[in-house]
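Think of it as A, B, C, D, E and F in the order they're written, each chain with its own count starting at 1.
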Amino acid sequence: MHTSRNDDAAGTREERFERGMAVLTSVDGEAGRRVVEGLADIHPELAHQIVAWGFGEIYSRPGLPPRDRQLVTLGMLTALGGCEPQLEVHLNAALNVGLTPTEITEALLHSAAYCGFPKALNATFVARRVFGERGLLPVGEH
Amino acid sequence: MHTSRNDDAAGTREERFERGMAVLTSVDGEAGRRVVEGLADIHPELAHQIVAWGFGEIYSRPGLPPRDRQLVTLGMLTALGGCEPQLEVHLNAALNVGLTPTEITEALLHSAAYCGFPKALNATFVARRVFGERGLLPVGEH
Amino acid sequence: MHTSRNDDAAGTREERFERGMAVLTSVDGEAGRRVVEGLADIHPELAHQIVAWGFGEIYSRPGLPPRDRQLVTLGMLTALGGCEPQLEVHLNAALNVGLTPTEITEALLHSAAYCGFPKALNATFVARRVFGERGLLPVGEH
Amino acid sequence: MHTSRNDDAAGTREERFERGMAVLTSVDGEAGRRVVEGLADIHPELAHQIVAWGFGEIYSRPGLPPRDRQLVTLGMLTALGGCEPQLEVHLNAALNVGLTPTEITEALLHSAAYCGFPKALNATFVARRVFGERGLLPVGEH
Amino acid sequence: MHTSRNDDAAGTREERFERGMAVLTSVDGEAGRRVVEGLADIHPELAHQIVAWGFGEIYSRPGLPPRDRQLVTLGMLTALGGCEPQLEVHLNAALNVGLTPTEITEALLHSAAYCGFPKALNATFVARRVFGERGLLPVGEH
Amino acid sequence: MHTSRNDDAAGTREERFERGMAVLTSVDGEAGRRVVEGLADIHPELAHQIVAWGFGEIYSRPGLPPRDRQLVTLGMLTALGGCEPQLEVHLNAALNVGLTPTEITEALLHSAAYCGFPKALNATFVARRVFGERGLLPVGEH
């Protein structure tokens, strides 16, 4: 049922956390670290699992590169709705791993056909804030 | 598969945008225009499609009058959840096209049976803000 | 906080059930009765509350006519997703209270702009089955 | 179809409201009362139904104790998404009826496996605010 | 940020899978094992993570007993919608860990107030199938 | 607000439909055509809009290649829930535009962290059927 391919998923709890923290930092940068720190007094175990499992074990798998993962993630967060804080983190991540502002806005326009305009708009206004903070406005129609 | 009935859907990109802008303005008024303008630096193409397609081609179809469209829309936005900004625009639109405050609150009470109280409450508190801005509080139980 | 306007909401548990059953039968017909009967061995109390509260107390309120309630309901059930059994009941109800097949398909096209094509398609294929059973296909583009 | 077991569901509209208000106050305390009062000018009938039906008839049923109801409710509000205001009320309620902060955070970690990390995080940050207001931070990993 | 309390989360990939499989079998029984086996040719890694992480690391945590976890899970699966296959597994699990049929139907009635009748009905009809297979119908109103 | 860049969006209703049909056929193949044909007697206008707008105007935009669009779409359909028929079409499309079975299952595993296991499982079992029909099982962990 399970293979030994992903051997680096084994290890102590500490090692798995460290492995995940490296992935999280490379993808989400400061924004990701702030989410983890914001959980310190309310739910350190949730923070541990996001880092050790979400990033250390899932995100780090080699079968899908980070840019592809962000495309899937943008689609999911837009469709779920109500995930504006996570969209903010992952729109930053999307830029960090190589998606261009135009590719991101194309993905959001694409999402309108599948999730409808309201959710596409909500995600787009988060993108507006993130892009603005990074000096990426206006997005050119290049 | 497709008919030529809706011939006015044809035309140049400009013409389709103008047609949609007329519908959007008549239904949503200033609030709708502000959404479109808010997209200018982040996603003008999304704004174009909302106007040219959403309003110019869908909303403008004669088979369902604007008042009926707003009832369907209120139901959808309440059920989707997390669409408070769009509810604000469309509650204004609902009033603009002839729904009374009492009809709207009845629709929201009705939504509680299908979506549960939490989503009905979220939508109702948006209505409270919109009605308050338009001097329509308290809503009478006439 | 609460008025005595809706006095007929008072009464014994039996009376409230009877009042709701009359509304349910007039709106949903046989399909609604089948849902209630299908709950007899698993959850008679849920059946009671749907009938006595949902129909006897909410649906029966005079502030919004049945046709308007079905428009809101179509919007909600399409947006929620995964509610095909309830859509089947309420598409029948929609026809029962006077919505035409064309008005219903217009509402479903309208829903595509707010919920996206997948949910609009799911609801439309339920409508195809309901309309087919009632000899209403093909729906004309009149 | 329906039994006479739950006879106390009968009564006048006033009596049903009073019965529900007693349950709501015992479970939700001040937070619940504020929601009801906040509806006074926009939708007193919705307030009535939440109290008389939601609390007076559903919540008060003896088949499931209040602590169990809050566990189900936490799961639902986390999964629905966009229900942060209701989560705030019900996290207070959860503490009121005997759930410990650690049990609540365990439930939220558990929710990550079923709803994903974004919704678990949104609910957790509401818990952080509620627990902080009640002097319950940091939550110990006891 | 993270503690060493949950040391048994460490270990080889094999050990973590075995630990999870023991929890899954004790909670979900045959139904859970069938889900895992059904993934063998399409996604063994997803099966591994459900078992090793979902059950081995999350479900097995001592802070919330299995009965409480099933109450939260029932709430989530009902609220998410479209999760009938998972509801079937977890309604069996709920019975396995000590929830009675009446407690489960009370939880589903409770869910109607938070998620609306359609989702409560969908979940209830899954319960009808599961209870029927286990000879638990009719559910008494004891 | 809008540019003339996308001039080919202009044209007659017929031209726009033809343009979209070419895109739909190249991406979705037979499965897409069957959806369109299945709408002929219930909602030809919805079919027209899916083709002319969804494919002719949105999908065909050059800013995001088809493979990237399918990654976003997989994320959205998995997150929305209840969209198994659309997932079937788009998993075929995903394979048609160059995503490998392993990339797709990686995306579905990734989705578990954001949408939870139930929705990831639902999507995975659709993938099992689609991959099976195309002789792509078992998916190797290469």
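The rule we apply is simple: a contact is a pair of C-beta atoms (placed from the backbone, for glycine too) under 8 Å apart; a residue touches a chain by one contact, two chains touch by 3 or more.
The structure presented is a predicted model; accordingly, all values stated were derived computationally and were not measured.
Chemist: Among the other chains, which touch subunit A and subunit B together?
Modeler: Chains in contact with subunit A as well as subunit B: C, D, E, F.
Chemist: So, comparing C-alpha centroids, which chain is the farthest one from subunit A?
Modeler: Centroid comparison gives C as the farthest chain from subunit A.
Chemist: Using C-alpha centroids, which chain lies at the maximum separation from subunit D?
Modeler: Result for the farthest chain: F.
Chemist: Counting a repeat as over half of the contact pairs in common, which of A-B, D-F or D-E repeats C-E?
Modeler: Selected from A-B, D-F or D-E as the counterpart of C-E: A-B.
Chemist: Do subunit B and subunit F, two copies of one chain sequence, contact each other through the same residue numbers, with over half in common, or through different ones?
Modeler: same
Chemist: Rounded to the nearest whole Å, what is the centre-to-centre distance of subunit A and subunit C, using the mean of the C-alpha atoms as each centre?
Modeler: 40
Chemist: Just curious, how far off is subunit F from subunit A if you go by their C-alpha centres, in Å?
Modeler: That gives a centre separation of 22 Å.
Chemist: Find the geometric centre of each of subunit B and subunit D from their Cα atoms only, then give the gap between the two centres in Å, rounded to an integer.
Modeler: Whole-Å distance between the two chain centres: 31.
Chemist: So which stretches of subunit C touch two or more other chains?
Modeler: 3, 40, 44-45, 49, 53-54, 58, 61, 76-77, 80-82, 105, 109, 112-118, 141
Chemist: What's the contact topology between the chains, one of line, ring, star, complete, other?
Modeler: The chain contacts form a complete graph, every chain touching every other.
Chemist: With touch defined as at the start, can you tell me which subunit A residues reach subunit F in the complex?
Modeler: Within the complex, subunit A contacts subunit F at residues 3, 5, 53-54, 58-59, 61, 63-64, 68-69, 71-80, 102-103, 105-107, 109-115, 141.
Chemist: What residues on subunit F touch subunit E, complex-wise?
Modeler: Interface residues on subunit F, with respect to subunit E: 81-82, 105, 108-109, 112, 116-122, 124-125, 127-128, 131, 137-139, 141.
Chemist: Under the touch definition given earlier, write down the residues of subunit E that touch subunit F in their complex.
Modeler: Those in contact with subunit F are residues 35, 38-46, 49-50, 54, 76-77, 80-83, 85-86.
Chemist: Any idea which subunit A residues touch subunit C in the complex?
Modeler: Touching subunit C: residues 112-118 of subunit A.
Chemist: Write out the stretch or stretches of subunit E touching subunit A in their complex.
Modeler: For subunit E paired with subunit A, touching residues are 1-4, 6-7, 9-14, 16-17, 36-37, 40, 44-45, 47-49, 51-53, 57-58, 61.
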